[in-house]
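In structure tokens below, several structures.
Each of the next two complexes has chain A plus one other chain: chain B in the first, chain C in the second.
What follows is the complex of A and B.
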């Protein structure tokens, strides 16, 4: 069954590639120069990986971006989830933090870029800060909602069994909120990639966003496409890894089984 | 161990002067190892009574005592079986049952022994490693009862425990509960709106009035059960056919009916 699903997926991708050939080469529906042909794309891919482009080879750009994502995402999750849990569980903490959070939350992460560059320069620190902010918000919101939506009788069951506070948190509240927390993590990851590419477009010396930026200045559509697809593949990969973790952690749940 | 006492208990929800009165002057004494069922029209506050004994809800006036001590907070001396089971879905059957014992810091060997015993008692051995969502409703409620029993509580509080089950499963569970009560008697406070269930299970049935709820009448079942030897019958339907059973059921039913009429009229 799973194999079959994978086959269908690969088939669909092959279909898109065929369509690409058809539109750019065989029928010439898309004019030359407007959109790269598969051949031009392949040449650009070879160029960036073998000789380098925008200062580095493709895998160096990709690894650099991936590393930034992983670091920022982990920092955001490690700060966002506890804050969300705290707000969900403690009414006083919620009353104190939530108004401030509600005010900062609508600020698009990209609006932090100028300040981040001003403070931290064009290096990685500024990007971590901006991505952290982008990924932080969904983590907080979903952990918060996850705790607020816990079935009250679940908490009461724990209390009637004389559960001490630390076990109540670690063995009841956190697992009960876990499905919602993972929803938040998926949103956080998506937001991380969006923000990373934007941050690298604005100011960077290495990374997939920087590749896009240079390729645009060079008017090099095939290289732009290489950069875009690299982001796609990396994004897919990180989502896939998160999915593996989720399936393990939520093995007990009905959704986790699927 | 395990006497429960409601002493002139009142409960007002919302603000003291503008809220609505849920319970008024509830007086009820439940003896050690007695099985008392409370029946009453919906919204009469019978679940609130149970939640007060559990320590989930405070009293607005009067006192609720267990073993002559005023109830202040929940505790494992008063185990609760919830209508919606309230099992932890991320824990296996075994882990769910074990959870309360770990809170009590029961040593591992003793813990394993107690859990094995209760798994056997509730015929759950073959499901020990299953997660709750893999079990039927009846099986889940067995786990919830096992989880309560394993704590060795003075008092068992059951809040419409079979309300979410289908009719056949419910009958099996009722028979099961009678079997358990014989093997290992506890003080039980059982909330239900099913009159037959109350008569079949309880030593005494307390009938509550409509809101603000109070104990209207307490009917002795045990005397009849003993003199008519209900326990000599294996199947619930045989007991329910007995004239003595029908008589008690009808009596309670009529008393409840008065409350209904009073509401509708």
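What follows is the complex of A and C.
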């Protein structure tokens, strides 16, 4: 059963590659300059990795973007989760912060890009700011909801046995909210990539979005495809790593075993 | 959780205090000169700027006109995503072979951020209306497919078996059984799709458009007109919120009619 599924899946992907050859090379249905042929794609890949494009080689662009994502994502998570936990735990903090949060939340992270460039310029600081916004909001919301959805009886049981507050937070509240928090982290990660690529397309000096930007201005379809596939591979890789962490942390829960 | 819920009056008081602090800091920083006004215009300056922009043009149009351009693009891309995505999701949910073929391709494409389609969108459809619509489509399409698929897979098997026993054709099975049964899931997907589509539109307009709120913001950024940039953010936030409220209202109405808890 599983075998058949894998076979058809592989077949589908092989079919796409074949179709790509057919449409661009053998029959020329897609006109030249609209979409690259596989040969052009390969040449562009060699060019950017061996000689460089848009100022750097491919791995340098990719590592730069990856580093920005990791740093900003960790900062957003480290600020968002505690705030969400606090809002879930303390009614006063929630009442105080929620209205302001609701006011800022509808503004999509991408809309912060022009302001970030005005404030911090075209360098890394502006990217960190917008990715922080993108990843912060889902972290807060899910940590908040995670605490709110904890089974009350669990907390009362811990209290009844005289658990001191700091242990209650670290050993009951945080672990119980963890599955929900990870759901938020996955959303945060996706939003981070979208935002970074957009920010680098609007203005940057290095990074995968910048490769896309230069390729677009040069009308270089093969390099556009290289940039897009790099974005895809990096996005897949970070999601995979997050999945590994999740399985470790949530080994005790249904979500972790799935 | 920690204690009993706050009284309504205290909730309102705390909320009011939070807002006062937020707007207070925002107001005090530029007016006292701690932060330059070009850097952070006060909320009053931004409000005045929004009022001016309703009649005065910036980047070729007034703010309402830019919003209208953006919204037209949004509706087109969103409708296209729903019209293609929902049937595809239902097909994937009913025919196993479609699921097995489209699934891996779809999964592979999912990791490419919608905004990364911008260069091809500009190359294929230009920067006027076609390019941005394609980006909205790229943002809104996946949730439409995924939720229609999930909805179709979670249909009560008894319904399907009953229909099969009566000799229902594949076509009618999809339009008369799977589609109506998965409406709640599809509407939930549409809400997610609208949010992602709206935000992709803003991104696309920042990069490739020549009208629209995003374009206005980029022009304002180039002119260091911070209050105009912030007016754009306010407009985007309000329109996005309205779209979400309308869809949420529709979702609740449908769930109520189905007897599901809203």
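Some points to look at:
Quick note on the criterion: the second predicted complex is superposed on the first by the 242 of 258 C-alpha atoms of A that agree within 3 Å, B and C clash if a C-alpha of one lies under 4 Å from a C-alpha of the other, contacts with A are read in each partner's own complex, and residues count from 1 in each chain.
One rule holds for everything that comes next: a residue touches a chain if its C-beta (ideal position, glycine included) is under 8 Å from a C-beta of that chain, and two chains touch if they have at least 3 such contacts.
Note that this is a predicted model, so its numbers are computed, not measured.
More residues of chain A are touched by C (comparison of chain B with chain C).
When both complexes are overlaid on chain A, the residue A:178 reaches chain B alone and has no touch with chain C. Of the two partner chains placed around the shared chain by superposition, neither chain B nor chain C is touched by A:14. Once the two complexes are laid over each other on the shared chain, residue contacts for A:212 go to chain C alone; chain B is not touched. Touch criterion met: A:114 reaches chain C, while chain B stays clear of it.
Shared-chain residue A:156: touches chain B; no touch with chain C. Across the complex, chain B is touched by residues 151, 153-154, 156-164, 167, 171-172, 175-176, 178, 252-254 of chain A. Residue ranges of chain B in contact with chain A, taken from their complex: 54-56, 73-76, 78-80, 82, 84, 86-91, 99-100, 102-104, 131, 133, 147, 151.
Residues 1-3, 5-6, 10-11, 13-19, 21-22, 39, 97, 100-105, 108-109, 111-120, 122-124, 198-200, 202-203, 206-207, 214, 217-218, 220-221, 224, 226, 229-230, 232-234, 236-238, 240-241, 244 of chain C touch chain A in their complex.
Looking at the complex, you find that chain A touches chain C at residues 4-5, 8-13, 15-16, 34-35, 88-92, 95-100, 103, 106-115, 117-119, 147-148, 150, 152, 155, 190, 193-194, 197-198, 201-202, 209, 212-213, 215-216, 219, 221, 224, 227-229, 231-233, 235-236, 239.
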